[in-house]
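Two complexes, one shared chain (subunit A), two partners (subunit B, subunit C).
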Partner chain A sequence: MTVSAPLWPAVLGRFGWQDLPFVRAWENPTISELIGAFAGALVVVGAVVVAALLTRYGKWRYLWTEWLTSLDHKKIGIMYIVVAFVMLSRALVEAVLMRMQQAVAIEHPGFLSPDHFGQLFSTHGSIMIFFMAMPFLTGMINYVLPFQLGARDMAFPWANSIALWLTIGAAGLMMASLVVGEFSTGGWSGYPPYTERAFSPGVGVDYWIWAVTLGSIGSTMAGINIACTVYKLRAPGMRFMRMQMFSWTSLCTSILMIFAMPPLTVATLLLALDRYLGFHFFTNDLGGNMMNYANMFWLFGHPEVYILILPAFGVYSEVVSTFSTKDLYGYTSLVIATMAIAVLSFTVWVHHFFTMGQSANVNAAFGIATMTIGVPTGVKIYDWIWTMFRGEVRFTVPMLYALAFMMTFVLGGFTGIILAMPPLDYLVHNTLFLVAHFHNMLIPGLLYGMLAGYHYWFPKAFGFRLDERWGRIAFGCWVVGFYLAFFPLYVLGASGMARRTQAIFEPSFRPWLYVACVGAFVLLAALTSLGIQLWVSIRDRASTRVEAGDPWDGRGLEWSVSAPPPEYNFAVLPLIDGRNPFYDHKHDEGQPDPYASPSSYEDIVVPRGSATSVVIGLAAAVAAFGLIWEIWGLAIVALQIVVAAVVLRSFGRDQHRTIPAAEVAREHEKWLARVRATPAIPRQLETAAVNRGLAEIVA
Partner chain B sequence: MTSASFLMLGLAGCTALSHGFLNPQGPVAGHERDLFVTVSIVLLFVAGPVLLLTPLFAWHYRLSNRGDAYRPKWNFSWWVEALIWIPPAGIVIGLAILLWHWTQIDDPYRRLPGAAPIEVQAIALDWKWVFVYPDLDVAAVDRLVIPAGRPVHIRLTSGTVMQSMLIPQLAGQIYAMGGMTTELNIQAHRPGRFRGENTQYNGAGFQHQKFVVVAVPSADYDCWAAAARRGKRTLDAQTWRRLSARSIIALPVEFAHVTPNLFERVLETTGGMSHSPTKAAR
Partner chain C sequence: MSEPELAHAGLNLGDTGELTKDQAENAIFGFWIFLMSDAVIFALLFATYGTMIASTVGGPTPASEFKLLPAFVETLLLLTSSATFGRATIAMKYDEPRRVLFGWLGATLGLGLVFLALEANDFATMFAHGAYPMRSGFLSSFFALVGLHGLHVAVACFWLVVMVGQICAYGLDARVRINLLRLGLFWHLLDIVWIAIFSVVYLQGNIG
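Up next, the complex of A and B:
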């Protein structure tokens, strides 16, 4: 084996040819290296194919002006979700590889080298949390929240775009680590001292540090933006206790983001100081203490769980109420429960290190604080159950996700209480039991919620419905795959199998590992079904259009506008006179017609697109790349570009565009005329082709 | 042929659990297993209603079933509120009392009743465990020999990155961290061999970092100690350097003599004495 020497340090930093997976695979063609090279090639080929297609169809300019530089909250939301789906695909394939490895590596080395396996669980966790879950929920909030508040945009459209581009830049770093160099093997939590230079000298941990740092800064900005939008941009009459539940959970999520993300940024930056400048915050020697890292990381890490789950709770509230054709049961209880969860989530972080030797009193106090969260969470589940009571439940795809969630989540809560008991946590901490538990919370609690929201709001965003049949197939695969993949892990964890194990020396684990592996493949089939569904839906879109904008007989204000909505969301800002103004206007006697022409129109000011946010996000990623590879010149230049872009933007004029009242009037009246020509349909027919997005008015 | 192999698989599946805390071989794990069973039974009453009511309501109130009165505006009832807040809160209060009590008595630092404990110092290395018996001047790598029926008091530290020691059939786990000491008290009811491991990932050899706990009858333990003391290998500075390197050892080894105060020296070299209250006392 040749030793990789840095080439021209000033230009290429510590890069050597060995850092390319293709070179490694050429010199040492094991299956593990070939898989690495294949993944790297997939990234390169994918990028080239996308670029070629854009060139072939001349779509570069369209993509740049209409999407990438757009400050419209709807387009930013959609771009976030696209990122989430791309990253989901990668992280799910990685999960399948790990399950395959464990299934074959029973008293056998398997096909992945230990180091490759370490990188896989680290990227899987980091991606799923920071680059799948976070973009998905941020995108969903971005798209839906301004509508539900009766607003025309987010509070800070430019900051919104920067947050998106920082996330994209960070996700880009994750992808770059497949092609150049390696990734950390320190897991998604990156615990020092293992992640210190002394034990992990390569570029892997640096990729992790900078990807997470950029992502967390983006999430902090997103949080501030969401909170300010709720506080400042509600339509006239939209009191707090009139907001839709999704708006409430978005608000609580954003507050959690504002307080929880900075400890993470600080933790990763201190780790960077240790690694780059020889500080000793978390090292073994010279006064370093990794407990400080554990504290800061979980001060973020636990609230993060609720950052991930609360938006999904919001989606479920909307979905269950809409598809039960009924008011949400216990609105006030749900609001109180949501806020209680948000506050309590900051009081329990020590349960992540019950096993680090603090006193029994400390452990007991944090254990009890942890269990307390079970009460408001349970209340929420019961509120959804009672929402169905005396309703008319329709089993559409989003509703199926909600039902599967309620029944599966309660099992995750069950094991959560077990983990909250310190004596039981001692037994199963760091084992597959824990892995099973958090996947049990995050797959039904986050992924199903996001998928329910995706099916629910897709027709709003794109003007046509998703294919119902493929949606059900995907749903079935997600549910069956989940049970097959994760319930065996509870058994293995209770049998003492440690997580992150590349090879297994206990033959009796074999059947459970086989079942889990089959489950992983079913989950992959679920994702594939979603892809097929999207393709089929786009192909058949002529028969599923819902221009009138209200295919599900919805409640929030987002359903009161056309699908897809105009750039300015509302031709005239709505006046709010109740908790479900649009729904009540549709259905109640003596209420104003929700589709009546407004008496007058005004000019509407919308933000102009800006290239600066793209430049800031990408230059920050390039600077991070420079830091990772110790190409100092590149890092300095890229950082200067970031500063220059901020300065430039602050001198910019003409940052807004005015849409004249006449144009708004023309567009809106045209849509109203179309609504009047649309046949209203009863709920029984909502998945049929006749559903053009107008709900039947049954008083 | 295939059916036979499936049968084998099924049998193997059931034996998996026998390696864990559901088949405890000592008082600590046994006690924790009892708590597990108790809590699981309580939680059945929490999960049960949700698992029953969700499908029941969803199916009964489906759109095509027009039998029941449809009440689209019904959204509140004090009775239901009381039902969904009070019983769960009561259960959590009950579990909290249980938790407080059991956390105190299952505290890993709590000495076990009975005879004076065997003192063991466990040092985590990449990718092996070193067990020093300070009273015997004996050490072993990747094998912990203990007398059945006697309490064992383990002090842990790490000569490298953070690790976590778990012997599922005997007790819960505790971390071993550089520069810090943690403690764990274990005991085996009867002679036997139990699996121990590190559960905190620490690099490429992690999956191999297992050790065996051999519980032997008291008399045999004394024989073992005497035999171990007569051994030729010594754990001196040079051997320690070799052991500390990242590697997996093929078979457990034993040492007759150990560098004096090895555990304290490891603590010191990992910079840790600054955390330790004993430094000020000296």
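Up next, the complex of A and C:
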């Protein structure tokens, strides 16, 4: 760990020349340092190129007024997902580097220094959880939820934007750690006492603390917002038991966020008190107790698993039902199972430290509680299978992800049962077996779900479909890459290979490590295919437009509006009379025509954009940066800017804009006319070029 | 009286339209949820304090440091400030003259500030005895818990000043009323947390 001599402490705090990766690579040009310098250069060049392109095409103003300062839940949702994809790219490349290192470092030092390797697994984990998974699912909920509830916006648009900008600011800190200083080597869970000042004196752990803290505050705000939206903004007649499954899982996720993110905030802030002010919460000496950290961290960490997985369960419910042309089987049992999972997830956290010395009875109790979660999860899997049974299953890309999820997730569940038994856990504890297990749960249980949702709702957000062929290629790479990369780790883990190992001294591990490394490259190919798919889809968008808004013969209310939807979502708030109002109105005799002109329109109030949320999020990140580098003046000024922006906003009035009824009527009638001119297609042709987003009605 | 009016009896929004009533409901409901997640933070700090109470490592102990009298006076101050805030809310609801509202808000602020001053004095006394947070795990957890409560009170005082500014600027428009009610909830929650601190920290330290 490098702690270089401060250059100009009064102004630059702890910063010294050696904190720049370029300087380090110049002085000590090992491959490890050169990779670090290259990554730093990539961040700088990337930022400069984006800024130059924006200037070249004069898009700054458009970006600022239409996107960055927007309080529209749809745009906020899309921005979250853009962040998720950017961060996914970085964390996946890091994974490939780690797999390469382990493949070559068999009885050999490899090309990465131990310190660099430690930073890689710490950033990989932190990014995948906090800056890939969380933004992805928050963005998806943000985009879809208000539509499914029949609402015009989220409950708190301004807070929604602050939550986004805190996340962006925190992700920015993660990026900054590539360019100045270093990142933590303490893993994504940051266990003290290793992460205390005594053992980790550099800026790395401080980067981790403040990035995670900002992210968790943002997630708490997002959770409050989502819960409030579900409780208070449902359309008339939208009873709880009429909500789509994705809305249900969003609600349960948000409840978990509200109660599980604060423990993380407490854990990181107490660690910060230890590091900055010499408190003794988790230190080795003077009464510190790191078990308190383990308890608090996993009081967050286990529910976090379900924060990540539940929204994907919601996506699969929608996707399986839509592409099987059947109502969801066992709706009520799915709702109960979701709630049960949410509650149980708070009762199992001790299984993360079975080996840390509590009594056998405690371990047994938490082991049994852990296995109990398998029951509602099993219920869900059966419900999805029954939904497909005798349905008209169409193997579109989202459906393929759902199927791959069901197979793979069940396998991961079995290994989870192994880990939930304390005696067996003692054997594979802290080995690659665990790494294989949680990747086995989170890749199908989160990533596949988010990608399925991305394919499924993309045409709604942008008005054209994603390319089907490249989608299948990407899907194939994700699945094959996953099995190649992670199943060898079960074998290695069971053979005793510890996780987070930089060099390997057991030559018989070689073939498995090679296979895992190949798998990592296939996963990289999967991500590349997604990029190509996006490019191809945008190029060919003229032939895949679905302005009528309903490309998959969908059920939820989101499919009843144009694609892309108007700013106010619904020209007239829908009246809900059943579980699948839009689908029933389309298909059932004697129901109102979903594309009929409404009898009257009214003025619609929407929030104006706001720069204060951008300022708050970015100033908070700057304050964190000041704290990391001990540039106290900067931190204080930035914090004052945060407070001033909040106060300023609270003094503001006239923060809404009214869209007159006449304008709403004009837009809506224009769209209805277009729908009437659109040829309806049978659902078997939904991936063909003729699909313009109007489903044919078959009785 | 229509239903939303009853649901938030402290607001008296009058004829400001359906939209405002819905917004008031959302805003106050959302703030309740925020308070719940804030309560989780305090619960964890209480739990931490509970596990660290014996970690005095030869340094100051609860019995040697906690004085019941100042803590009791602080309790009375906070309880009274909740009452004065409640009285201010009533003044808002019944549209009493502006100076009555300001009077009760001012009293609340004054009580809050005196509380903070007394607490700072307690802390200073403890520091003088060598009971500072870097001394032991017990003192770290004490200062984190009680200090965080104090920080909340300070934020609430600052918010109160901002609210007075808003009343001066806009009178009692719907947003000011909603915000004042939210500040009230915040203030009362701090009172409840303090009661827990008084019982768990000070009473236990002196008697238990």
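Here is the rule we go by: the second predicted complex is superposed on the first by the 696 of 699 C-alpha atoms of A that agree within 3 Å, B and C clash if a C-alpha of one lies under 4 Å from a C-alpha of the other, contacts with A are read in each partner's own complex, and residues count from 1 in each chain.
Everything below uses one rule, namely that a contact is a pair of C-beta atoms (placed from the backbone, for glycine too) under 8 Å apart; a residue touches a chain by one contact, two chains touch by 3 or more.
These numbers come from a predicted model, not from an experiment.
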Could you tell me if A:Leu233 is touching subunit B, subunit C, both of them or neither one (first, second, both, neither)? second
May I ask you to decide whether A:Asn225 touches subunit B, subunit C, both, or neither, giving the answer as first, second, both or neither? second
With the two complexes superposed on chain A, say which partner A:Ala498 touches: subunit B (first), subunit C (second), both, or neither. first
Touch test for A:Val605: subunit B only (first), subunit C only (second), both, or neither? second
Which of the two, subunit B or subunit C, is in touch with more residues of subunit A? B
First (subunit B), second (subunit C), both or neither touched by A:Val379: first
A:Gly554 in the overlay: touching subunit B, subunit C, both, or neither? Say first, second, both or neither. neither
In the overlay, answer first, second, both or neither for which of subunit B and subunit C A:Gly301 touches. neither
Does any part of subunit A touch subunit B in one structure and subunit C in the other, and if so which residues? 286-289
Residues of subunit A touching subunit C in the complex: 155-156, 220, 223-225, 227-228, 231-233, 258-259, 261-263, 265-266, 270, 273-274, 277-281, 286-289, 292, 296, 299, 605, 647, 650-651, 653
Would you tell me which residues of subunit B are touching subunit A in their complex? 9-10, 12-13, 15-22, 29, 31-32, 35-36, 39-40, 43, 46-47, 50-51, 53-55, 57-59, 61-64, 68-76, 80-81, 83-85, 88-89, 92, 95-96, 99-100, 102-104, 106-110, 160-162, 164, 166, 168-169, 171-175, 177-180, 182-183, 195, 197-208, 210, 269-272, 274-275
In the complex, subunit C residues that touch subunit A: 19, 22, 25-26, 29-30, 33-34, 36-38, 40-41, 44-45, 48, 51-52, 55-57, 133-138, 140-141, 143-144, 162, 165-166, 169-170, 173, 175, 179
Using the touch definition from the top, list the residues of subunit A that touch subunit B in their complex. 113-115, 118, 185-187, 191, 193-194, 199, 283-291, 324-333, 353, 355-357, 359-361, 363-364, 367-368, 371-372, 374-375, 378-379, 381-383, 385-395, 403, 406-407, 410-411, 413-414, 417-418, 420-427, 429-431, 491-492, 494-496, 498-512, 514, 683-684
